[in-house]
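Next come two complexes, and both contain chain A; in the first it sits with chain B, in the second with chain C.
For the complex of A and B:
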């Protein structure tokens, strides 16, 4: 069948072509965008599970939500607990190893390059950070050395400033799809110094403003040897629940700390993720069927309008197969072009606005590798491109089964 | 050679035998063709007149292989339409049997030249040269309208486009369904003259018309009433 007839028809009926194209493009955009966001969330959740690497996280009572905020969303915050708990937890039955971390939120002011989460970790006992270092970490992390999360701007060797102190980027982590991607890591002692600097800067600011010192307004100074959380690795054969029971058995039910099993954080994410992916999945499936229905109705209406044209083509030598081929080719051409446009449009929205999406969804979000993004695009392209031709089949059936002149007669009657 | 083929060898181009076709109008059956038999020889100019709804267009569609009769058979050069596939019948309309539909028979989104070329696009084996196309256009007096779209053309010019398109395939039979309807007297006469000239050149022409004067110019004239051809 001549492509001239196909493209001549599409070109001359521009509104009809645009309507069909718009529906297909929206379908392709939603399918591709939805699939990309779902995949990024899934990867984010998988990254989180692998990223945490601990079976249990211990925080001071009342700060479990803050810790979740840091882990999942990178919300900067500072909180402390007594470092005595390191030894206490290490001595609990079933604990294989412990590693403390200190969380310090920087300020959004002149003293700091950016407002981010500083995380001090114990380089000797750490089993969480090192596996994720992307670029070569110096054999010993100095006090002014920092390791930045995958989403932090800046390269190894760049200088940054926090609380008026200069630091140098010594290494960069891989993206984990968690709040750690926007966090900065340093030695525990460097983080403690930063926490003290932060406290002094805040205190000086209050004094400068002539505000009398009151505990209510000023944050508490960090305690000596401050830590915020203790990551716990269970011994082989031990479960987080078992360790939780052992902690309660040893220190009572209200020891002033909370032990949060890592899987409960992942479960929180997984449950949120399930809701989002379920929503995206259902929307995509519903949209596909709605588009199919709308396209079928539109094609049927447009084909109905063109009975005379089809009759004419038949009268000058088009077989039923050729006629059906022309209609199908028209449908395919619109679907393929519109699907490409839809996918490109979705890509132009989803990828550049990834950071915004990440914040809006409030769930761990890991970017998609190029190959996976390509496969996703191909999948969305096939599904959306198929909708138009599939919808056309309903109308083609009538043309193939009936004498064309009978159809025209119905139309003229 | 079979008896049937032998008979066609004697010169019959198209033969219809015992054609019957009825429709339903509401709950009542309506007979559009009632036991019609007709034979057409090369170079004949045949006219069929009759009132609206007498079954003329149905008969034309059946003779062109666009509609299947309830009963009876149509033969073109000895070959029954019943034995031809849709593809073969389409190829016949593309190459041996020119059909001019009633009313607007051009595609509005293509130029005059493109409209004449459509059968070429449908059948890749056809290879008319630009010279052939121009010759067909000149024959019906529309060479100057080559690049125009149908919306710019008068009714008479549109009919001539259909005739030029049908002529391009050098058909043996040209079926024209109401080629003079909605045309003024002078234009109608002009169209009939063109068809008459075509018949003189050896192409059989079967014309359906309301116009008795036009029909009078035909070599053979039939009347159709309630599906009966007399």
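For the complex of A and C:
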């Protein structure tokens, strides 16, 4: 059977072909786009669970929301607590190890108008940052060395400036799908110096504007040996809740700090993820069935319109099998081309606008590896391009069951 | 005639979007307080020139009746599309922070438009070169 006849038929009824193609392309685009977004969200949640290699995170009272914002969305912020808590928490029963971190939000850096999150970590006790460093980290991180998140532009060796101080990119982290992808890591002492630089710059700006600096609403200097959080690893057999109880037993119910179990952060993300994937999944399934129904109705109508043509073809010797084959091939050709167009159109939205989507959804969002994206595209392609031929089957039976003379007679009536 | 109109309209629209989109529609980052200009601004300036050239070629596409000339103009537009793609992504680039406006909306939009320009005008050039005479 010549493909030329098939494409000739499709071209001669261009509006019909375009209608069928549009429905299939929309189905393919929604299926592929939906699958990619939900897979990226799932990978983001998995990345977060793996990234939070701690069992418990300790922050100053009232700053647990800020910490969640940094972890999940990379919202830059600065907050401090006293470093004496490192020793205090390390001495609590059930605690295996602790590692402090200091969060400092920059002012506008030389490159960007957006504020960037600087995270100081203790290179000796760290168990959170190191596993995610992709490129070789120098044996000792110097004061001017920084490790950048996976999404920050720039390569190892490049120079960056924050608070008028020069830094050098010493290593780059893997993408985690969390707020850490847009953060910059440095030693604890370098972050303390950056916090002080930031304070001095703000103070100078206020002085320049003639604002009295003692005002209670103006920024406060970072305390000596400031830290923001303490990541806690539980000893074997100990649970985060158990440690929480031990902290309360040792320091009372209101010690001025909050202990956030890592599980609770992951649960927040999981419940958000469930809502989004449930929505995307349901929309995709509903759309597939609606498309199937619409395509079946359209095919039935279009085949009805061509009864005379089929009758004539039958009368000059075309077998029912050949007729059915032509119709099926027409349907397959439209479905395959439209599915490809739909998938390419969706790919042109979900991949280039990934960061925009991540910001809009507000949940950890990790990019899909090429192979996984290819498999997803294949899956969406099979499902969407099957809808057309599947819908054709309903109408095809009608033609195959009808006698040639009946077709012609019905048409002449 | 249909090909002339479709290709000219496509060139005028895409050229307009490449030139003016980053300035008015999917905007680049603003100035740093203090007046410093960021790198993405220069990418936007370069795209104005490229977009304008694509739009001018769009006018040539509708004026010219010779398919060979139109095929050549289509190749030129496709090559300008490659340049429009390379400028924000490789040649000049933009801000380092991934969540800046240039990297969340303006550059992705320019990338998509440039890719569509490359695909469409390469296809058009091939169509004009290899189509059967008389059609």
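Everything below uses one rule, namely that the second predicted complex is superposed on the first by the 395 of 413 C-alpha atoms of A that agree within 3 Å, B and C clash if a C-alpha of one lies under 4 Å from a C-alpha of the other, contacts with A are read in each partner's own complex, and residues count from 1 in each chain.
In this section, contacts are C-beta pairs under 8 Å (C-beta built on N, C-alpha and C of every residue); 3 or more make two chains touch, one makes a residue touch a chain.
Values in this document were obtained by computation on a predicted structure and should not be read as measured data.
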item: Touching partner for A:352 - first (chain B), second (chain C), both, neither; value: second
item: Partner chain(s) touched by A:160 [first = chain B, second = chain C, both, neither]; value: second
item: Which of chain B and chain C A:384 touches, first, second, both or neither; value: neither
item: Which superposed partner A:151 touches (first chain B, second chain C, both, neither); value: second
item: Chain B versus chain C as contact partner of A:74, first or second or both or neither; value: second
item: Touched partner set for A:4, first chain B, second chain C, both or neither; value: first
item: Common ground on chain A, meaning residues reached by chain C in one complex and by chain B in the other; value: none
item: Residues of chain A defined as touching chain B within the complex; value: 1-2, 4-5, 8-9, 11-13, 308-309, 311-322, 403-406, 409
item: Chain C contact footprint on chain A (complex, rising order); value: 74, 108-114, 116, 151-154, 160, 181-182, 348-349, 352-353, 355-356, 359
item: Contact set on chain C toward chain A in their complex; value: 29-33, 36, 38-39, 93, 95-100, 103-105, 107-109, 111-112, 115-116
item: Partner chain A, residues of chain B touching it in the complex; value: 23, 61, 64, 66-68, 86-87, 89-91, 93-95, 99, 101, 103-110, 114, 118-119, 121-123, 165-166, 169
